[in-house]
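Below you'll find the structures, each written out as structure tokens.
Same chain, two partners: chain A is paired with chain B first, then with chain C.
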Partner chain A sequence: MNKQYDVIIIGGGATGAGVARDCALRGIKALLIERHDIATGATGRNHGLLHSGARYAVNDRESAEECIKENMILRRIAAHCVEDTGGIFISLPEDGLDFQAKFIESCLAAGISAEAIDPKQAIALEPSVNPSLIGAVKVPDGSVDPFRLTAANILDAKLHGADVLTYTLVEELIIESGKVVGVKVVDTVTKERSEYRASITVNACGIWGRDLAAKAGVTINMLPAKGALLVFGHRVNNVVINRCRKPADADILVPGDNITVIGTTSSKVPFDQCDDMYVTREEVDLLLREGSMLAPALNYTRILRAYAGVRPLVASDDDPSGRSVSRGIVVLDHATRDGVEGFVTITGGKLMTYRLMAEWTVDLICKKLNIDAKCTTAEALLPGSTTPDAGCKRTTACFSGAKSSAFYRHGDKAQQIDHSTAAKRALVCECEQVSVGEVEYAVGKLGVTNLVDLRRRTRMGMGTCQGSLCAARAAAVMATTSGCSSAEAKSNLKSFIAERWKGMSAVAWGDTLREGELLSWLYDGVCDLSNLNTTEE
Partner chain B sequence: MRYDTVIVGGGLTALMCGIELARNGRSVALVTTGHSSLHFSSCSLGLYNAAEPLKAIESLPQSHPYAKLGAEAVESYAARATEILNIAGIATNGTTEANHYIVTPMGQLRQCWLSLDGALTSHNGKELDYKSVALFYPEGFLDFYAQFICDTLGAMGTTVTSHTFSLPELVVRRNNQTEMRSIQVARALDKEENLRALASIISREAGDVEAVVLPATLGFDHADVRQRLSRMTDKEILYIPTLLTSVEGVKAERALRRTFESMGGTIFMGHTAVSHTTEEGLIASVTTSKGITLTAEEFVLASGSFIGGGLAADREGVTEGVFGADVIVSEGNQTTRDIFEPQPFMSCGVATDGNFKVLIGGKAVENLYACGAILSGYNPVKEGCGAGVAVTTALKVADDIINR
Partner chain C sequence: MKQYSENNFEQCTKCTVCTVYCPVAAVNPLYPGPKQAGPDGERLRMKSSEFYDQSLALCLNCKRCEVACPSDVRIGDIIQSARIKHSTKKPGLREFTLANTDLVGSVATVVAPVVNATLGLKPVRHIVEGVMNIDHRRIFPKYAFGTFESWMRKQRKEQALFAKQVAYFHGCYVNYNNPPLGQAFVKVMNALGYGVQLLDKEKCCGVALISNGFVNKAKKQAQVNINSIRKAAVENNLPVVATSSTCTFTLRDEYHHLLGLDNADIRESINLATKFVYTLLCDGNHTLKFNPDAARIRVAYHSPCHLERLGWTPYSIELLKLIPNVELVKLESQCCGIAGTYGFKKENYATSQSIGEPLFNAIEASECDIVATDCETCKWQIEMSTTKRVLHPIEILAASLL
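Take a look at the complex of A and B:
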């Protein structure tokens, strides 16, 4: 592997992946470094909403305009990651209709189509919606899978010459004569240390960017705003449902794959909690209370799990809610801002604008490196979406079973999955229809090193059983495919089960508690993973 | 309909209690949804995880079901349970004196009191009782983790060879992506021609090993498949349990049901008990989800914990739905964030007096008993005592009803 690059990008979320891809497409030699797997931070811990921008139209015109532009771009370049569900903003009796008029006007001004429909039409469009609604507005919301989107960006970056290191932690920035010239890293698995050098180092670490910047002696005043969400056990709604009022907690209900997500809350959390988010009872109460105002069925739908992410908001003042802070994009050239050459921070923004954030960052890089290359990421289609019908097949059941599920997840890249024999077609995960072939593809081509990575690429273990039926199977298949030792595979299985339970324990009642009891019986009882045999290591 | 005793539940506890009552001449009805935790059985029964289980039981807190029984009663009920399993045709190995070890689906050793005969075991927890084994499993069968098993058994000093086999029927099965599961394999091996084909593969490939080991898929409808295969190959045939579905668990459940019914017991299969009536402080009847009302002298609550449906948790707390029995929950949170730490909800259950009479409103109901997983005060997974509590409390309750 090279030791010298034009650009080193730290952070493997959507933004970092987008920067790596943009660099690669412009012929800039880039290395992306991520301490965990890709999309493990805020990227993978949100609604997966393809914002139309309508939510921001009234209060933040700039964000709204960015959203609708990126919305249209993503539908084209990432068709296999996007589902065109459409969205509605509903007004309930207690909301009144005053906001609606202003809302429609603001949407139209920002270039977002917004059509008022009467309550009956709204119910016909989305039968799960609260029937007591008094008004609704149709907007071009959709859903987007952030894991797939990030994976596709990484894949394309690599195809165009970028290098990617996951499970690699940046311990130090190498600073020479006041200039950041590289990084000292440690492989978190092998503990091997190495150094990489580049003309420019990009901080794309989200909320963790504050600590990275500190390594260069730079202060970024960030506000960690926690957002908690709940996943429901089936697809309650087919159209995104929002509340037509000033943005508040738990007022977006997004369908995705086989599930529905309600969110989010917003609360300030200390930095030391950002690595271990836990959803509290109060947050669950709030999400359920407000969520059932959008779709009453949530009151009696099984909650699969709870999760939370941290928004990397750049604070101008100490707003306790973190909600009135602009979600705007922040690009910091630390040369001009702090007198530190060779160091750039990209933060703020949102999943929707990851591509634009990358474009602005790489524009700055080009300027600094005197490179004359135009951004093409708004036109160049992502791997998986390069055949014209990738998007349309997504919503059409062309095949049955694992094949169509794989197509849904990987777009035209699914052709690379070996489904030629019965052995390859055998199902590992029944809830989400993940085959042996797909597991092998994920291990071979998508950089999967453990079961949690595999879950992010394939949805293995994300369905109603939360892994209780498929995790052991997947561990065994992965051990064979990746050649890791049995001891590693079993300890990996144990971590996977532990991780699944973390999200279930906050909502452990009803069937979720029963599933938890089964999980415990199977993996702590029958398999006895508490007492992993260490003699074989 | 009228019976001497009505048991709510249909798993190991309910069947054990039912058989004991029926063989003592009582008319007994079981009300069951038809699912039980035997379906994910480990092919073994745990009494208590300790070097000397009966000794360890003596120092348990008073709230523990074993403490209510006393170590002596645990020992004698455990012996009687073994006898009843035998009557049902379920042969087991093991004693209450000391635990032995069963090989888990992951290839590890796990303590148990009884293992089903034919399960691969270790007497000392350090090494297998066999120095060389050959694994045989169907090609493409994902619920048998051959690599894990080979590596772990190998580390214990046993020489292991691994072989896959294919049979025409399994090849057809595999064309359907979800059909290659334990029950389907077991059903295939029920057939003489398939078993013969497997026997010839084993004879050809196994070589000179002390035992041949397969996933626990040795027949579903026929009890003697293992013995037949052993005769055909002239090898000792053993098995390692699989995760869901546990074929041996389901077979054991069916054997117990047959025994219960052959002794005159009645099973209301597919029924959920939903409500009850009382008369003068006693339970008078239970009504099922299909509208059948059953009256009886005594009622037994053997409906299991949360999985079994005996207990239900909502946001506010834990309840027992049929009788509204008092429920004991631990203080504070019912879950901990690490699934491999003890989970407080595992110890939830109904409150009973010293003789397992159920408390309602703080008062013991004279003709309502509870036994098995619905009891409070113990952690079946961490203590390895789920099956032990199930069978010993079931027999204690049966005894008390017989002597009433």
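Take a look at the complex of A and C:
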């Protein structure tokens, strides 16, 4: 692998992937380094809401305008990652209608279409909505799959010459005469160490960017804000439901793929918790209590799991107390800010504005490297979205679910999936309709190295059974495809099951507990996975 | 357990035992099985109708998946409801003919000898296959010359003499094809001291209309039946009894689950003949006199799928055991493969016969004289596919009475 690059990007979330793609499209030789898999941080731990910007319209006009612009861009360039569900902001009796007028006015001022509809129309549009609502406003919200979005950016970056290293940890920044000139990394699997050099190193590590900056002797004042969410077993709503009031906890209900997500909470957490987030009982209670105000059905819908992410909130530079927090995009050129050359931090912002964050970052890179190249990411379609509706045609009476699902997930790239034989069409994951062919495609083309990665690319194990039925099959297919040893496959299976149970344990009652029992009965009772010898045989 | 999601689909833990028990999945690789067609598919269909899979038409609605399910998920109902909601296939002439048992039956019984003779001809069956896609190997049930209802009208006075009364839901098969079964039922009931009367107005229960895509018509007919049964059961306080297990199941469960009609007030009044008779015989106040000279017969009992779903198979078995001249063989419970009109369709013929094969073999191996079952379509299938004659337990009971 080439060891010299123009740009090294650290962090494989949506932002890092977006920067890598933008660089690649502008002919800048880029290397992206991620310590885990792509989209493992905040990118993969949010609502998956394609914000219209309406939520920010009243308090943060700038964010609202950015959101609606990016919303329209993503619908075009990432069509296969986005679903145009539409959204409503509902007013409940205790909210009153005072906020609504101001809300509509602010939306319109920010360029967001916002149409007041009466409660009956709202119920007709979304039957699961709380029937006691007194008003509703229709906005162009949608849902976006952050895993797919990140994977598509990575795929396009690679197609245009970028290199990507996952499971690679940056141990040190190489600093020569006050300039960051490269990175020393370790492969977290093989433990091999190596060095890469570049003119500019980009810090796109989200909340972990504070630690990376510290390696360059730079201080960024960040506030980890935990947001917890719950995943419901199926689609409760088909339209995004928001509360028409000042943004608060658990007031957004988003239908994403085959599930519905309620979120979020917001609480400050210490930095040492950012790597291992647990959802507390209090958070689950709060999410359910507030969520059921949006859609009463949540009170008795099966909850698949709970998860939490950390927002990388950045304190304004001129406020040492850290209280004045911006949710806006923060691009820091550490040369001008701190006198450290060759080092740029991109943080703040949100999933919705990842592309714009990347554009601003690469604009700065171009300026610093004296490159004259325009950003094209707002027009260039992402792989998977280049030929809409390709491959969606049903060819056989049987198997249309898996075919349609593969298309839903991979867009026109689904045509690359080998479904030519019955063996390739066989389902690995039945809940989410993931075929053997799709697993092989993900392993071969999407940089999947373990079952958890596979889940992010395909939704394998994300359905009702949370892997009870599919994990062992997937482990077997992966082992065959990648040629790993049976010990590796077993250890892979063990980590996957542990990860699934972590999310289930916070909501383990009722049917979820029964599912957990089945999971434990199968993997512990029958396979004795806890005691499996995972060393080489 | 309180039911929150429609048909309890959320309670599915994906254990897959339903698919293990599915007779179709076992023989037809094109059918993904009840788990995928039912609760798994339902999740996808909630996102969009686009995820509806045409293979759901391969489900024969035997409900054995529901019997197997340890989580009380109404898997068969999920599948049938999805067909009703999402299928874009319009029923054709074949579906119309197979589904409208009332209409076809009332025409055919008038000219029964001609219809029976014609449908028995091989060239005719080939034409039927060519025109209607009904498999030429399928043998049609013979039509009776004159309906059961017309016979019953002649018995009205005599039946009214009994102090205790039951209302009989005879079903299309007894009315148009097999009045002797209805007559056997009247004989048994009379022997127990009950007079038999017809419902005010009886329509086909609608099971064939539902499975062939005529849901609106099924709803209309179901409402007529519900009204008639309500009058008999609620106003006149009569037990309503049917000989057909499928009619019974449809009236009790499918009306509510698939057609969305409210039958809660009459559901418990709808009874199956074998259960009704057996229960009477157990109460200590009813006895039957059996003919001591009746010839000894070896009877193999086949339990129909819908009777299994009702959970009432033991009543038919125990009733047969009470008949002194019957030597009973209990066949392993499995689907015969016909599933009403399913097996008549050309594309299902092979599946239908493969499903039934183990049963046919077991019947031949049982060395029985007669097969007994509570379902008319099981009877057609078994008579067509084995060397044995099939009777209803009530017919066997009636024949053994003094």
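Heads up, the rule we're going with is that the second predicted complex is superposed on the first by the 512 of 537 C-alpha atoms of A that agree within 3 Å, B and C clash if a C-alpha of one lies under 4 Å from a C-alpha of the other, contacts with A are read in each partner's own complex, and residues count from 1 in each chain.
Just so it is clear, a residue touches a chain if its C-beta (ideal position, glycine included) is under 8 Å from a C-beta of that chain, and two chains touch if they have at least 3 such contacts.
Quick caveat, the model's predicted, so the values are computed rather than measured.
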{"item": "Chain B versus chain C as contact partner of A:Leu446, first or second or both or neither", "value": "neither"}
{"item": "First, second, both or neither for A:Leu165, with chain B first and chain C second", "value": "neither"}
{"item": "Chain B versus chain C as contact partner of A:Cys375, first or second or both or neither", "value": "neither"}
{"item": "Touching partner for A:Tyr278 - first (chain B), second (chain C), both, neither", "value": "first"}
{"item": "Residue contacts with chain A in the superposition, chain B compared against chain C", "value": "B"}
{"item": "Partner chain in contact with A:Thr464 - chain B first, chain C second, else both or neither", "value": "second"}
{"item": "First, second, both or neither for A:Val344, with chain B first and chain C second", "value": "neither"}
{"item": "Which of chain B and chain C A:Ala64 touches, first, second, both or neither", "value": "neither"}
{"item": "Which superposed partner A:Ser404 touches (first chain B, second chain C, both, neither)", "value": "second"}
{"item": "Chain B versus chain C as contact partner of A:Leu518, first or second or both or neither", "value": "both"}
{"item": "Chain C-contacting residues of chain A that also contact chain B", "value": "401, 422, 427, 430, 469, 514, 518"}
{"item": "Chain A contact footprint on chain C (complex, rising order)", "value": "2, 4-5, 10-16, 29-32, 35-36, 39-44, 46-47, 50-55, 71"}
{"item": "Chain A residues touching chain C - in the complex, by the definition given at the top", "value": "233-235, 238, 255, 257-258, 300-302, 397-401, 404-405, 422, 427, 430-431, 433, 463-465, 468-469, 511, 514-515, 518"}
{"item": "Sites on chain B touched by chain A in the complex", "value": "37, 40-42, 104-110, 139-140, 142-143, 145-148, 150-152, 154-156, 171, 174-175, 177-178, 180, 241, 243-244, 305-307, 312-315, 334-340, 343, 345-346, 380-382, 386"}
{"item": "Interfacial residue positions of chain A with respect to chain B in the complex", "value": "278, 401-402, 422-423, 425-428, 430, 435-436, 469, 472-473, 475-477, 479-480, 485-487, 489-490, 494, 497-498, 500-502, 505, 508-510, 513-514, 516-533, 535-536"}
